[in-house]
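Next up: the structures, one after another.
Next come two complexes, and both contain subunit A; in the first it sits with subunit B, in the second with subunit C.
== the complex of A and B ==
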């Protein structure tokens, strides 16, 4: 740990402000709580919201895992992990089961989470209605009145143009039967993992200065039409490395002739399965 | 028969300037009322005040709901106002681009109000949208086209379909045919007259065009400088105007 910094980089007053906002977010599932987002030593879009939530929650005994698109070894994940081991001196891990805090971008781990774990999402745009309604005052009113017919206009457009609901990530959900919420740009494959999850889910949008939460065991419903129900992505392939047939697969181009392979996007899950298979 | 809408001594001031002053009228179910007058006479201000889109300075507007209960619009909460606008009213703007959602298809525009009412069955939404496009004489094969690819007259008809699809009881129209050429105007007026009759709508329509009033409205209100100068049966007003301003309006219509 570098002693020039306060523990976990942020000063204590800022962390207190964040914790108060987080408590409010947990008390009103899915409601976007404004907070005083700080300048962080990384650019907007790299996870400034998530990193502030993580900083506010970290204790000296916590074990941090950071994933980016499911992988522990991408630039963003490595940097954020290294950042916190420098400014907080905490232990980090790549194993989902060992972590107490998991900061994530674009995925939820395949391994089921537990009650003593917290998942922290980096969110670029917390407002699910934004592409349909640019005025903030209007979207706040729509949330206040739970007037969410507009969201179905987007799903209608999808079916009209593509024959099915083509929205495949950042798929809108209704939290606790009340607030329309963006699940952050996770694939809709991960949406069912949000529903009644034992782990607390926190969402931080640094640029937009909003926090929100899905408390443990809260119902999360993916929107759909009666005759076009919510459906998960499927693959005709299995993971080329671990053989998993039920995880989220990335398609990777492996040579200049268009050859492809499909591999698990969750690197920890994939390597865990391979170790198990060898044993 | 009991009225649907009661407007009493309604005034709306923009600071020291008068928008409309001391206006009273009743609107009955199935009745189409025209508000005529020159530009700046307070027609649109009155319409927006009655439709609860602007807050009046004085006076009251009462509306009788489907369940027979009278609502005082001045004391309505934002939630109730939006519910009324969604479930019982419709508003057709002069410029269809203000009333349409331009970045989604024609079908989605028609279906939006149905979805706002909680309809969640895609095939039914689509069938209803197609049916309404036909009713306003838009080729239903254009259901997935963007409204920006429509002509001005088609856009206005699309806006009418989008407004009427939820079968409102009361529709407010702000110069729906202004800015369209005469033949397109005639078609839209014809369409409006037919739909208003078929659906038994009550409507308040603002227009500066006396021919529109003659064609559609049973009763007409003439406004000048924010005040009502004459009110009565349309034919009576147009054939035997009493007030000097109405006489001027009627005599300035070009006749061939």
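== the complex of A and C ==
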């Protein structure tokens, strides 16, 4: 642990500001609360929002897991874990079941979460309407009026052009029947895990300076149409390492001749299944 | 002589915050507050723990019954500003809920910024989870049963009237006997 910093890097005033914003975020599910995002010792786009939320939550007894695209061993995940063990001296883990806090970039673990766990998402763009309406004042008004016609038109245009809704990640959801919310760029495969989750889910966007939350057991509906219901992507393959047929798979090129394999994106889930199979 | 605040400001407020966060995420369920700091009457140590965890120089607090000792204690330990008018308060400390001002007098946010709304810390007599009305809403799996003792008649009617304005509203922290119950604006009291 590096003793020159306050516990978990941030000063106490900043943590209090974050904590007040987080409580309001939980009280208004799916609504984006502005907060005073601080400069962190890594650039925007590397999870500064998630890191600030984690820092505001972290206590000495917490066990932190960090994943990037489902993997514990990628640069972003390794560095964030190392950062918090240096500035807070806390324990880290790669096992989903051992963690009290899980910070994630772009995935939800395959293993079901528990009520005593908190999932923290790194969010690049918190505003689901931003690509359709660039003005913040205007998107705020659309949220105030719950006017989400723009998004329905976008999904409809997908159907008109491609015959199906082509959005496969960052698929927009309606939280508690009120606020249109970005689930962060998780694959739409993970959207059903947001609905009535036992674990609290917090979202932090550092560059955009917004926090939001989905409380446990809250309805999260992926937008769709009656005649074009929400559908999950499916694979013709199984994981080449653990044989799982129902997890989210990454396609990996393995040689110079274009040979490919499909493997679980959730490394802890995959290695857990392999250990189980050997036993 | 002035009383002390949290013995360990960093970790005491962190532990208190985590309970508040879980309380807000799981409404109508009493949660035990881990640290009770000394507190001048009529402020209960449970309420003081919340104020010390969340308030500082950037927030205002409205006291239902201001007195010099409480004001001095809060200004010294939290550096907060006291609000004269209920509608200016980010936080409000209610020590006598039988004579509390109307809920609609507090800031409820505006439609573009519903988070600019008051959080009320209400000192009550006690909680019962074996009887009382049922609550539902985000954070509650099925329903939760909870009786809050010491509230004025008509409190729930007043609060239900506010729910027509969602997502505007006020968020409540009830405290009694070392426990806190959070009641965000989205929690509904089920009739009958």
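As a working rule, the second predicted complex is superposed on the first by the 279 of 279 C-alpha atoms of A that agree within 3 Å, B and C clash if a C-alpha of one lies under 4 Å from a C-alpha of the other, contacts with A are read in each partner's own complex, and residues count from 1 in each chain.
One rule holds for everything that comes next: a contact is a pair of C-beta atoms (placed from the backbone, for glycine too) under 8 Å apart; a residue touches a chain by one contact, two chains touch by 3 or more.
The structure displayed is predicted, hence computed values, not measured ones.
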Which of subunit B and subunit C A:141 touches, first, second, both or neither: both
First, second, both or neither for A:95, with subunit B first and subunit C second: neither
Touched partner set for A:156, first subunit B, second subunit C, both or neither: first
More subunit A residues in contact - subunit B or subunit C: C
Touched partner set for A:130, first subunit B, second subunit C, both or neither: neither
Partner chain in contact with A:274 - subunit B first, subunit C second, else both or neither: neither
Which of subunit B and subunit C A:114 touches, first, second, both or neither: neither
Footprint overlap on subunit A, where subunit B in one structure and subunit C in the other make contact: 141, 145
Residues of subunit A touching subunit C in the complex: 6-7, 12-13, 15-17, 19-29, 31, 33-34, 56-60, 115, 118, 140-141, 143-145, 176, 178-179, 196, 200, 213, 215-219
For the subunit A and subunit B complex, residues of the former touching the latter: 132, 141, 145, 147, 149-150, 152-154, 156-157, 159-161, 224-228
Residues of subunit B defined as touching subunit A within the complex: 78-79, 82, 101, 104-105, 107-108, 111-113, 115-118, 120-123, 125-126, 143-144
Contact set on subunit C toward subunit A in their complex: 9-11, 13-15, 17-18, 20-22, 24-26, 53-56, 58-59, 111-115, 117, 119, 138-141, 166-167, 171, 184-186
